[in-house]
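To start, I am sharing the structure in question, which I have written as structure tokens.
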Amino acid sequence: MNSYLLSLLIFLPLLTGAVLLTLPRRFTAFAKGAALVIASLEFLLSLWLWVQVQPQGGYQLVQKLSWIPFMNINYHVGIDGISLFLVLLTTLFTLLALVYAWHQIENNGGRFFSLVLLLEAGMLGTVLALDLVVFYLFWELMLIPMFFMIGIWGGARRIPTVTKFVIYTMSGSLVLLISILFLGSAYHSQTGNWSFDLTILTQLQLPVSPLVDLLFFGFALAFLIKLPLFPLHTWLPDTYTEAPPVVTFLLAGVMAKMGVYGLIRITIPLFPGAMERWSILLSTLAIIGIVYGAIVALGQIELKRLIAYSSLSHMSLIALGVFNWNPTSLEGVVYHMLNHAVATGALFLLIGIVEKKYGTTQIKELGGVAKQAPVFAALFLLMSFASIGVPGLNGFVGEFLILLGVASSSASLAILAALTLILSAAYMLWLTQRFLFGALNVPAGRLLSIERLQMASLIPLCLLAILMGLYTRPFMQYIGPAVQDVISRNQTQLQAQAEGDHHG
Amino acid sequence: METSIYFFILATLAVVSGLITITRSHPLSATLSLVVTLIAVAGLYALLSADFLFVIQILVYAGAILALMVFVIMLLNVSPQEMPPEPGIKTRVALTLLFLSPFFFLVERAIMLQYRSQSTDFLPISTDFGTIQAVGQLLYRDYYFSFEIISVLLLVALVGVVALAKRRA
Amino acid sequence: MDKLMLFIPYLPLALAILFGISQLLMQVFIPAQNRRWLTYIALLEMSALSLVTILAYLSRAQIKDMPPGMQNVALANYQFLDGFALFFYLLLIAASFVTLLISAHYLERENMPRGEYYSLIFFALAGMMVLVSAQHLMTLFIGLEIMSMSTYILVGYQRENPRSNEAAFKYFMLGSLASALLLYGIALTYGVVGSLDMSAIQSFYQTHPIGPLGSMGLILILAGLGFKVGAVPFHTWTPDAYQGAPMPITGFMATAVKAAVFALLIKLLGEPFVILRAYWVELIVLLSALTMITGNLLALVQTNIKRMLAYSSIVHTGYLLMGVSALSIQPDSQIRSALLYYLFIYVISTLGVFVALTHLSGRGEKIQEIEDFSGLATDYPFTAAALALFMFSFIGVPPLGGFFAKYFLFSEVLRLQDPLLQGLAIFAILNSILSIAYYLRLVVTIYFKPVNAIWKQAESRPVSISFLLLVTGLITIWTGFAPFNLLGIIPGLTPLINWLQAIVV
Amino acid sequence: MHTEHATTTLAISLQSNWLLSMVVLLPFLGALLLGLLTLSQVKNEQGPSEKLVGLLGTAFPALAAILALFLFAQQLSQGELVWHHTLASWLETSRFSIDFAFMMDHLSGLMAVMITFIGTLIHIFSIAYMHGDRGFARYFTYLNLFLGSMLLLILSDNLVGLFMGWEGVGVCSFLLIGFWFDDPAKAGAGTKAFVVNRIGDFGFILGIIFLFWNTQHFDYTGIQSAIQNLSPTQINTIAFLLLVGALGKSAQIPLHVWLPDAMAGPTPVSALIHAATMVTAGVYLIARMHFLYELSPSVSMLIVLIGSLTAFVAATIALVQTDIKKVLAYSTVSQLGYMFMGVGAGAYAAGIFHVFTHAFFKAALFLGAGAVIHCLHHEQSLLKMGGLRKKMPVTHAVMLISCLAIAGIPPLAGFFSKDEILLALWDKGLFVFWTLGLLTAGLTAFYMFRLYYLTFAGDYRGESEVSTEPFLMKLPLGLLAIGAALAGLLGLPGSYNWISGWLAPAVGAHHPTASPTVMGGLMLISVAFAGVGIGIARSRYKNFALPYTAPTGPLANMLQNKYGFDLLYENVIVEPLRKLGRFGWTIADRLLIDGAITAGTWVYRVLGLSLKQLQFGNLRAYAHYLIFGVFMLAYLYFMRHMPEVFRL
Amino acid sequence: MPGLIHYLTVSALLFFIGMAGFIARKNIFIMFLSVELMLNAINLSFIAFSRHLNQLDGHIFVFFVIAIAASEAAISLALVILLYKNRQTLNVDDFNEMKG
């Protein structure tokens, strides 16, 4: 039962992106147009996918092809209620990014657009892969376009930043690689065959040993870096600040979610026992991240860096939800991934406009922007509210569910995590107070206005922020069963392991 | 008994002249003392019934190769001032030998241990052992391939010398 | 007819030697203004060589059909029947071909004579073939010497360049010392085993324990070969020789020479000495670990691209040694194919890098500092992309060949479930993390730094360079998407071989 | 009989319960329309036409008021009727689902009517007050949004809905306080209000969450039915957490600091949000969760303690304020303290009663103040007023009634509700708090009449021309004054107390045990206190003339500094946090984490550089390494496998 | 009677003397001679083993080694001439342009 839909989704941007990349510079306009068309097609395709996928647990639209037979590596992709929304998020964000970047990226835009398509392919592949090797392949594929996009189109300090970013991420990846191989070899020693299939490896019975715990961390590290979890986060503020806004939009909006996704899809299903053993430590780090990110955001004097640290705080909350691993928190996590993407993404896009028009993002050089650009201010304020979890907007749903879920496993963690309510309001509103309100204070002769295409990329996000805050059903009806399924499989494995230990 | 004396003399000669070789400051005297070593070693070959190689060693090695070296030294005509200044050669060689002595000791112990439990006295052998005929038979029967390709090595050396030292247009 | 068939296994080797001599002769007889023909002929000869190699391989069935006595004669001291040898022959021929092609460009630019150069490459190739196929330690040693000698001379081929002199001198002197050590090891082995035939050694050690003298022999052999592959602490010649040698020869050393010696190492440790695995494995692990870390540490602080690549090749030696340490008697072990695959990818990527560098370094190889490559991508997008591709392949980014090379190698190493090797694998991964820094630095320099003025006076790229970059680049990508099993034969070529077989028989 | 009754109820609710949802939705709809209107006209310097906006902006609240009144009337006639309507599902997860569901029982009905009624009046007032402001349309958008959120808060049938409304009003409050955002101080006041409220919400949401995990319910009925199974610790924890929320919203100590600053917003906003409706949400919450607090005497005591402290402290601060709105703000805080005392003492109905009466007289006071400010062209200082009795007779009348009402002079509204609360305290034997309440009542009377005399008596001390209040101001003022005068009649002491009976189904019955004599005595005492307060104020401020000498001495300083709460928070919490944020990351991120990594790379480099020194180009050195390497290999090998080599 | 061990010892001694010469001396020429010394030591081992094992293969190997030594000598002499011509020095320590 093979469906080619997912493969189409992955390979369409991959191939077109690769082809467009090789076009000489004089085809820039064509490349941009073609990329936009492909991105739109992708989005439509993913919308159709939304219709196709049934709201039930387990993988659907599965495709499995033998790829490297002697190592039993298969091209294995599938989708479920969790990955569905990450696919939608990816395709939507890619489209919006391209629309936004149409005028924003001036130098060598064709290359940029093709790189975005490649990035999209990488992200889609990561989300849809069910074989660890395939997953790893796409996981790394995400990084390369990102590397070039930041390195070529980034800010003044782009070189040290991009180096830091890549070395951080690749270190995690390589540790992931060796861990995959360790797990594969463990499977090989138990069965005499190779397998890197996620659905098979999750049934592997691993003993309780420090080695397995080490392996667990090997599997988690790459994702925790991408996430990022305190103290692995220092690449984030630099990168978010130096990258072009549209890249930060993709980075914060989609790519960071891949870390969470990796934890949910790979690390924890493979090592449910180790997750239980280490959840206290990891949760503590997440809590530190929440509070630390928020406090540091409070002290920032630059817009992008402030939002970057707020992103750290939010992502730590999501991580906390993952580490507490119960249906409610997990549903919240999946939902909040989307929320955070929408809110933070939109904020970065807005800041991109500020950077372009005012030529500065230093808060002290800006003030009273609402006076000059009321629409901009309205959007910024709306997204700030979404970001701090005001009910009626999307952020609240996720935050509420995560807190609810966390509370069911630990009251004290929930109390600490709920501090985000206070702190996020503090830094975000203080920002709006200084940046949007007060007396007009902008670089002389500059005027802030949102161009039509930029507006076109922002409007969907605003609508989503409101829609997702009020009408959760189209999302929740898919997320719920998928999360249930993931959790119940985990439970089964834990029980089997407990029995195994009992007998052993 | 006789063999023992010969062995002792030749071995001493070889080692001593070897030491002299590496402590001479001028290459020419070093080369000449190397000739002595080579001849002494050739003598040891003879003691080991390697008749053919005894001849080869003296003719080819001590004769041809070293003659070539002497020739080159003369050709370059390096004056003693141009020689690298090496004060205290002997001390340095002695220190180096000291530095290498653990390694030597290791090899020596390995040899000793290897033959700890078995006799290392040489057994009697057939009369044609080591003769040209016997060696040649073996060379062309079992080692014809190696023999063929060693010619390539010599050719490479030839080409190399041309490539490195020939005057270019 | 039958007797002629006996000659078949030697055919590639014989032709390689013959072609080398032919180049020498043509050098003399072809007038100076037509010397360009030497290049074309050499390339033609190299192509013929690959074809002959395949044909010879295909006719192995006929040899197997021969009576045992004749077979022995045909195969004494020399074995060219298995996929292992075929793989290396073709790989070495390919590397030599690329070297020839870029050398043509290079020699013309540097105004250097061709004849001896080409013939030395052929002779080196012949030596490598011997190395790969030899069944006897003495034969093998001779092959090694042929290869080494040719390489020494090629390194010093730029006689007017003091660096080239110095490189050749250092390489040669240390090479002689290492050869002496290796030979001493062979001598000791001979004394213990009573034969230098590989199968004899194997069967001897199956029944006899390794004594102290045999151990010493083994250690000295390992050290000698360690020198040739550039394992730490025997690596010291590598950066100097790489830096001083003409660029194409640097590539040749980093690819063909290294591959040939690894072929030997795989063969020696995989066949005659495999039974002694417990004795040598720790040494190899130690060498491997030292090699990786030292190479990495030194590669990071280099500013000269040739030296950086030299240390990078040392790091890859470390990884390969890790694979060698996993050679075992397990029947289903695929470590050999993993090693071969790694070598294949490494050779192809490295060749690609040197193709690009030969072109970019300019007359007199003036451009050697990494910083000189700033902003290359703006005016040389294709070359820059190729270089970036190879760097990413070295790092092991999927879906490039380098990734699967690492993947198979590590998976085979880990499969033994040996704690020592597991530890080494982890160490190796940590090392690859370190290695990101300097590979990335080149890419960053090429793409993100402001354009260096020298790239503005763009020199047009010869077709041969473009072609080679394209081919090596495509192979690097292709091997990532469709990695294949190299055990026994190059399966990528299987259909082709089947077809040829049908024609021949 | 009973069945029949129930059937009719059901029938009616089936027919018209969707109207309940409409009550909530209408203001939201208005906000949406106005919002789009605002955005569409953003380029236009003038903004959308004031008439259209005013009409639309008032129509929706008015319609909601009519609907609410209609439903409430049904309730009045039907007795036990509880309206219920589920509008839509909001969140369905695998463990629970939450709906946008509304419930209108006697409590929320009363509140809804009051809110929509007062809200409409204030909308009307605002048309006049905001005339000519550039943000006219924006203002009405926010106001409608606020009303919708407030109704959602009141009418939701579950805690999550309540919380959404709760936060929604917080946002609107933020937007409206900072309405004139060009002034950094005003924008800052909005931020402060929201953040302080968030501290409360922090507790609130945790309370909701813990309540859910212990009862598996979000809706009130479900929670009420499951509450019995909880342990006292759980009950106390949850009650405390919910209380934190209430403290924030209702500006009780220690979270009261935001309310005085909130006066930065337009005055009608202060009337609506920061006096009549939003700030009483905390009281509503406690009354709504009365079944919880009834089970938790210790937290109830805490409420009384906080309430009485707040009432007293705020009243004392109000003594020295010279800004008309600040006086009213502290008075609001103080009155909210009363309400807390009431609900803390278990007299939920009395608390709500005070909410109800307070809404009228405080709204009237604020609007009156608004009218004054409007007519004095945004002059807020009491020192620059005076003698307005003649110039603004309507406002003066309204203000006088309201001041009397708040001072607790019978038969005006404040007297009865305050008395109920004091009675409840007396009844419970909480004499200390009763005394505090009484003192506060005296203080209230004093500072309110201080305000009154400074504004209306004597001569005009300002410079600017005094204009007259337009009709659109007089109308709401008049209506509110009527409310302020008569609302108290709903809760006459003793058995005539209608409101107590009305609320009994929702918040439980509370029957004072004190004898009529005692009740009478208590009333007399409180009236006496109020009278004394008024008397002192009259003697001191009737003929006030400049210059004003601010009171000095340690006590006065303390009052001027508002007991130092703001300074304390600023210096102990806010500034250190900002400093931490400003510099903390350079230490943690740059120094520690990046520093560790940099140190790592540095070590890596230094190792590389030192190895580079070993590779110094000398052939002999290389040869040494080579030989030493071989030796080490051999040595290790023999040590490991054949140590006998080393034994001589 | 001197046995295998004695010959091997002499051989080892010569080998290490050669090695010492190689690493202790700065004169390129003498370093070459030291290599020759080492090769001779190895040859002696081969022949001793050959005698001990009573087979002639060792002799063949020595034969080959002499050939190899000859070609090495040729190359080395060519190199010496080249280096001396270019740099006018036989001091090995002078060749350190490339390092690091």
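Brief remarks follow.
All chains are identified by letter, namely A, B, C, D and E, in their written order; residue positions are counted from 1 within each chain.
One rule holds for everything that comes next: contacts are C-beta pairs under 8 Å (C-beta built on N, C-alpha and C of every residue); 3 or more make two chains touch, one makes a residue touch a chain.
Everything numeric here is computed off the predicted structure, so don't read it as measured data.
Shared contact partners of chain D and chain E, listed by label: B, C. Of all chains, the one whose CA centroid is most distant from that of chain B is D. Counting contacting C-beta pairs between every two chains, the top pair is B-E. Centre-to-centre, using mean CA coordinates, chain B is 7 Å away from chain E. Distance between chain A and chain D, defined via averaged C-alpha coordinates, is recorded as 36 Å. The distance from the centre of chain B to the centre of chain C, each centre being the mean of the chain's C-alpha atoms, comes to 32 Å.
The geometric centre of chain A is 65 Å away from that of chain E, both derived from CA atoms.
Counting only residues that touch two or more partner chains, chain E has 8, 15, 18-19, 22-23, 26, 32, 48, 52, 57, 60, 64, 68, 71-72, 75, 79, 82, 92-93, 95, 97-100. Listed for chain D are residues 612, 615, 617, 619, 623, 627, 630, 634, 638, 642, 645, each touching two or more other chains. None of the residues of chain A touches two or more other chains. A complete list of chain pairs in contact reads A-C, A-D, B-C, B-D, B-E, C-D, C-E, D-E.
Residues 138, 141-142, 145, 149, 152-153, 156, 159-160, 162-163, 165-170, 172-173, 176-177, 179-180, 183-184, 186-188, 190-191, 194-196, 239-240, 243-244, 298, 301-302, 304, 307 of chain C are the ones that touch chain E when the two sit in their complex. By the touch criterion given at the top, residues 10, 13, 17, 20-21, 24, 76-78, 113, 116-117, 119-120, 123, 126-127, 130, 136, 138-139, 142-143, 145-146, 149-150, 152-153, 156-157, 159, 168, 192, 211-216 of chain C touch chain B in their complex.
On the chain D side of its complex with chain E, the touching residues are 612, 615-620, 623-624, 627. Residues 100, 102-103, 106, 109-110, 113 of chain B are the ones that touch chain D when the two sit in their complex.
Chain E meets chain D in the complex at residues 19, 22-23, 26, 92-93, 95-100.
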